[in-house]
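Here chain A shows up in two complexes: once beside chain B, once beside chain C.
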Partner chain A sequence: MDPSWLPPLGIAIPLAGACVVLALAKFVPRLVVDIVAMVTAVVAVGAMSMLLAFTAAGRVVTWVGGWTPDHGVGIVLAADPIGAGFALLACVLTACALIYTWRYFDDAEAHVHVLILLFMAGMVGFSLTADLFDLFVFLELMSATAYALTGHKIEEPRSVQGGFTFGVVTSLGAYFSLAGIGILYARTGQLGMPQIGTALAGHGMDALVLAALVLVLTGLLVKAAVVPFHFWLADAHAVAPTPVCVLFSGVMAPLGLYGVLRVTTTVFGGVLPAASAHGTFVVLGIATAVVGAVLCLMQRHLKRMLAYSTIAHLGLFLIAMATLTASGVAGAVVYVFGHAGVKGALFLMVGVLLARKGNVDEFALFCEGRDERLTKWLLPLGALALAGLPPFGTGLGKAISEESTESVALTALFVLVSAATGGAVLRASLRIHFGLGPPPDDTDRDTTKGEGEEQEGRFPNRVPATMVAAIAVLLTGGLLVGVVPQVAEAMGVGAQRFLDRNGFIAQAMHGVAAAPVGGIETAWTWSGVALGLLSAVLAVAIGFVGVHFGLGRLRGALKAPLHVVHRLHSGHVGDYAAWLVLGMTAVGALFVIT
Partner chain B sequence: MNLLPYLVAGWLLLIGCFGVVRSRDLIHTVVCVAIAQSGTYVLLLGIGFQRGASAPVQGAPGAVVDPVVQALTLTDIVVSATVTALLLALVIQISKRAGTVDPDELDELRG
Partner chain C sequence: MSRRARWVVFWLGGLGVAVLFVLAVLRLPEFGGLVHPYRDLSVPAAMGRSSPNVVSSINFDQRALDTLGEETILLGSVVGAAALLRPSKDEKEQLAKEEGRVLEATKLLGYLLLPVTLILGADVVTHGHLTPGGGFQGGVVLATGLHLLYVAGSYRMLRRLRPVSWYEMAEAAGAGAFVVLGFVGLFLAGSFLANVLPWGTLGDLFSSGSVFALNVAVGAEVTSGVVVLLARFLAQALSVREVK
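Our next item is the complex of A and B:
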């Protein structure tokens, strides 16, 4: 069977589903809307699973509408195991978000479902396209629906404000990307990634190509929330409806990194020295991981805490990807998959707390969660999984990534950063569910409080089964990524295909069948298990120390620098735009000096 | 090659960003975002332009300008319309709920 009809289907299914939901919304009860949306997501999961299975034998290339390169212009979709894996991840997370939404917003109208399905179409398209302009279009489709979803609670000042900041910063980044794409078109006369890659390799590097590289990467780095482009992420996560946060953290931000890697390897692989890309991305990754981890520890608003933990993990993914080796890329992708499950489950558990207590503030919820049977045990477990506890997928991804860096210092950074994020969540959980430690002292004025969030749904007696099911699916998924060896093996093959630039161009442009690739070492190793356990133990230590001493003395000593860090995250859209331009200059400078 | 359109495009992109940075009013911020985007229109059209060539219509005599960039610009305009409308709607809602459109006074989210 010819699988080339599958990639367009992945984009068409959610678009068609969204149209059906929109058409039906006026006439049918909410239940039908939920079912139609759910069926759409499940069908898309099936299609993307089939696509992933087909990519094991080679890339699936589709020239849309039969316009092959012989016609001069044509748009190409090319799925390799990693692209198809991301598309599948997007569909699975969307299905989980939709199950959770079923009872979560009682008052949600059909437009939430429509937006979520359109968002999914954007993410699937972004994962599968091999055309640079289409990458921009899908980036914008993803972004525009994401702004609307972020600002969904329009009656709440914070919500619309977070959505607005997100919109302005991401849009500016995307326009710089488009300018870069324009420059590449001027230089090569092409828009497809394989065509531009071939043309650039014949052309060589010069200042204009470097400028185009930096411009194209800017929009993707904003999406990936890499420091100093990360400011929008915490604000957007803090205010977006919880099921939407699952999609933002689990797949949208990692897709930014996927785009960065795709553009760097496929488009610029022929002209950009690997050492230069490696140096730049490692520096950006370290900065992102450290800033994210420090700010994660300092948060009291639970959703912001999880958001900063996402930023820290994105930094770790970037460090692993920066190796540009098959093991590094495979490690990063496995880490992304494991992280998506675990972080998604954590967000949904915070959503349960918000629905039951009307609050997501660590201090205000002190002792309040003692009677919560579900989150009392699952939240600490999720925190440990976030730190990389074996056998969760996060632990396996972390282990492969650590080994790929071949550096003791970077391995230590992986352990410390993942432990810090897990420790912060564990501290919050110990305070909320077990009432450990003294009542937190509520004098800090620097951070956003978690009070005054609009309560999403009301369930005084028991948590609805659909919400529990979504949490269970996500947490189990995070576990399965680490336990089922086929996942990591498939991504090992995928990483080799991803980095095989010449094979990609030959297959996309000339229909040359993909050469078989061998697997790489992706199984658990003793050192990986030991480092995962070490991170989990450190996370427990950070959690207990944080609870009992409130980091009082340390905080006192670090007051001035922390105040500066907090003030930098001012929530002011102008400041964030200034950082964007500054960051773009910094990325350019990094490419030049490394 | 005439450099002027490229300089204008770069200027519009950067002045749009500068406007967002210095803005004291969210409506002004949205307009500045739109100005930054118009830099990309100028860039794309500048790339495809040829002196003396006619519009890319089927059967046009002589050389025509590059139709691809015009299609890209059209797509870009659609994106711009969507984003601008959405951002303006959010500004209306911010103004209703927070009672101000001065970004300096909106400090609910920080740290």
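Our next item is the complex of A and C:
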């Protein structure tokens, strides 16, 4: 089989599966729906694994519909190891979410399955396309299905509110992106990334290109939840069904960063000075990491805590990508893969708690989880993995990223931020499962409690094997990313291909075979292991200190500034839109001054 | 944030974005200029495949993958809206006993227009490759035309003549047909969504190859999708009630 068949198949397989599920839904038992959806995801995993294997030798370029480049009108898909890796990640996480869903929505209709499969098609298309307008189409496909999945628990006003906020903010960002694509089309008469990139490079940088850059990036930065475009993420994660959170945190938000990097390097790489992109993204990354880590520590609603930890990690990924070096990009991607497994497992464990106890509040669950055999040991382990404990993939990704920044201050930031997120989760786990510390008592009005969430499934006696299997697969996956050296090596090759803009354009437009690239250093180093252990130790310290001294005293000292930060995350969609617009101006200004 | 703070943040940002946008617009090519690289490429490509409606040729042939994505967005939106509008645990469908009276003139006009609208919709769908229109536009005409049954007749009549589960199947079939046509291109010409059907003579009804077929598939999908969507909204407005 021709490898160029695989990228369109990755998009078409989930679409076909979704249509079959939708057509059958009314006439067949639930089991058939589950099986069809599962088979679809597994076939897609197979196809994307093959694609990833083929990309080792060079990019897999597909001109859809046979419109070869000499026609000049077609859409081109170009899969490199990183794009194919993201597509594979989307399929694997979808499969895990579907295993978990098997028993999870006990009253669910097939709607959830259809939406999840369409969502997967959107993510795969987004990862593989090399056409700017096509990227926008798949961005919208991801969004439209994601809104509905977020608001799925219609009995709860908060759930519908979360979906609504997510919808408004993301759509607003996407409209700005579309405007940017329109401006680029007016200048170049092209829609493909290699074509626009070539045309722009011949013209040079001016206010139009800067405006187009800021506009196009806005929709992607919203998806990537970069501060100050991040507000929707925690509200959506808090209410979305838990398996959907796995997809949001594990792959959808990181795909936003992937889009940012793809557009910046391929479309604008010929006109935008590398220093300018680097400076802008480092500043945005630092802000995102710090805000995410601080807010993560302040949460008692477990899903919100994990959501802010995702924001913090997205900031770290962005800092690593901002180096625009092969090791930085490879480190960020390995970090994303490891994080997807670990964070997915953590979300599903919180989902188990929600199904068993009907609650995701750190305080209300105090001592409640002493008899939980599954989460009692795996939740603390997941928390340490989140902090970067070797040999988890998070630790390896963090180590490669830290080294790529070549900066002591940024390395310290990586250690502290990852330790803070792991420490917050560990603190919650120690309270819930081990009953450590005094019974928490907090009367702070600012904090969202986790007591009003709708119970998802009811399993008083035993956690279903399907749920356990999904957790095990994800946690093991997060471990394997760090243990199997081929993963990081493949992404090292992928990062070099990704950043090779001229090679990309030559292969996509003129069919020039990709030049072979040497590997980069992606193995564990002693300093990487040491820094990973340091993060884990710090996380343990934060966990125990947090349990014993409580949030109350910490809050007392920092009351005023924390109050302001909390109040900014008001849930008011008008606030979020105002920050989005201010963020656009800030991004534009950063590109100018750096 | 207070109302005032929100406005301050917005105006600070809005001012910057406005300045950037105006500067960009000033550098756009002149309106009505003669340089159109994409037009110069796509018009001959459309004509070469007997598709005089160039817009349709771009949508369903040259950039068919985009349209597959867009059609899927519509499918996802309809399924998503249906999921959000489903009756919740403490709601039930209950038809009102009394329905309002419809004016004779409205009835007459409605029943006269019903077949006309449906024929017009089918015409717009099937001639999408020749004249302005196509599956998306015609599908909306067909779906709204069907609702003349509600305007001129009654909600009960609409419900009887519009079995929602059939339309859900038709929606899936229409979207699936697009994917299947994509696979046909893949297996026959080695390229997903390749236009492998006979192109025919420019101007004929059965010409332009898969542009015609894809228009019909999209027409079916859009018709059923909009019907399902309206059905959910109408049910929420007219028949879904809270039960204690």
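Note that in this section the second predicted complex is superposed on the first by the 590 of 594 C-alpha atoms of A that agree within 3 Å, B and C clash if a C-alpha of one lies under 4 Å from a C-alpha of the other, contacts with A are read in each partner's own complex, and residues count from 1 in each chain.
We adopt the following convention: a contact is a pair of C-beta atoms (placed from the backbone, for glycine too) under 8 Å apart; a residue touches a chain by one contact, two chains touch by 3 or more.
Nothing here was measured: the structure is a model prediction, and the numbers come from that model.
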(request) Pick one for A:Gly574: touches chain B only (first), chain C only (second), both, or neither. (result) both
(request) Determine, under the contact definition given at the top, whether A:Ala186 touches first (chain B), second (chain C), both, or neither. (result) both
(message) Going by the contact rule stated at the top, is it chain B or chain C that touches a larger number of residues on chain A?
(response) C
(message) Let me test your reading of the model: by the given contact rule, A:Ala465 touches which partner, first (chain B), second (chain C), both or neither?
(response) neither
(request) For A:Glu140, select first, second, both or neither according to whether it touches chain B, chain C, the two together, or no partner. (result) both
(request) Please work out whether A:Ala515 is in contact with chain B alone, chain C alone, both, or neither, and reply first, second, both or neither. (result) neither
(request) Applying the touch criterion given at the start, work out whether A:Val112 contacts chain B, chain C, both or neither, answering first, second, both or neither. (result) second
(request) Go through the superposed model and pick first if A:Ile154 touches only chain B, second if only chain C, both, or neither. (result) both
(message) Going by the contact rule set out at the top, does A:Ile75 touch chain B (first), chain C (second), both, or neither?
(response) second
(request) Would you tell me the residues on chain A in contact with chain B in one complex that are also in contact with chain C in the other? (result) 73, 133, 137, 140, 144, 147-148, 151, 154-155, 160, 163, 183, 185-186, 191, 567, 570, 572, 574-575, 577-578, 580-581
(request) Write out the stretch or stretches of chain A touching chain B in their complex. (result) 73, 133, 137, 140, 143-144, 147-148, 151, 154-158, 160-165, 167-168, 171-172, 175-176, 178-179, 182-183, 185-186, 191, 234-235, 238-239, 295, 298-299, 304, 446-448, 566-567, 569-575, 577-578, 580-581
(request) Going by the contact rule at the top, pick out the chain C residues touching chain A in the complex. (result) 1, 6-7, 9-10, 12-17, 20-21, 23-24, 26-29, 35-38, 41-42, 45, 58, 61-66, 68-70, 72-73, 75-77, 79-84, 86, 88-90, 165, 168-169, 171-173, 175-176, 179-180, 182-183, 185-186, 189-195
(message) Using the touch definition from the top, list the residues of chain B that touch chain A in their complex.
(response) 9, 13-14, 16-17, 20-23, 26, 29-30, 33, 36-37, 39-40, 43-44, 47, 68-69, 72, 75-76, 79, 82-83, 86-87, 90-91, 93-94, 97-98, 103-104, 106-111
(message) Quick check: in the complex, which residue numbers of chain A touch chain C?
(response) 2, 4-5, 8-9, 11-12, 15-16, 18-20, 22-23, 25-26, 62-67, 71-75, 109, 111-112, 114-115, 118-119, 121-122, 125, 131, 133-134, 137-138, 140-141, 144-145, 147-149, 151-152, 154-155, 160, 163, 183, 185-191, 206-208, 210-212, 214, 567-568, 570, 572, 574-575, 577-586, 588-589
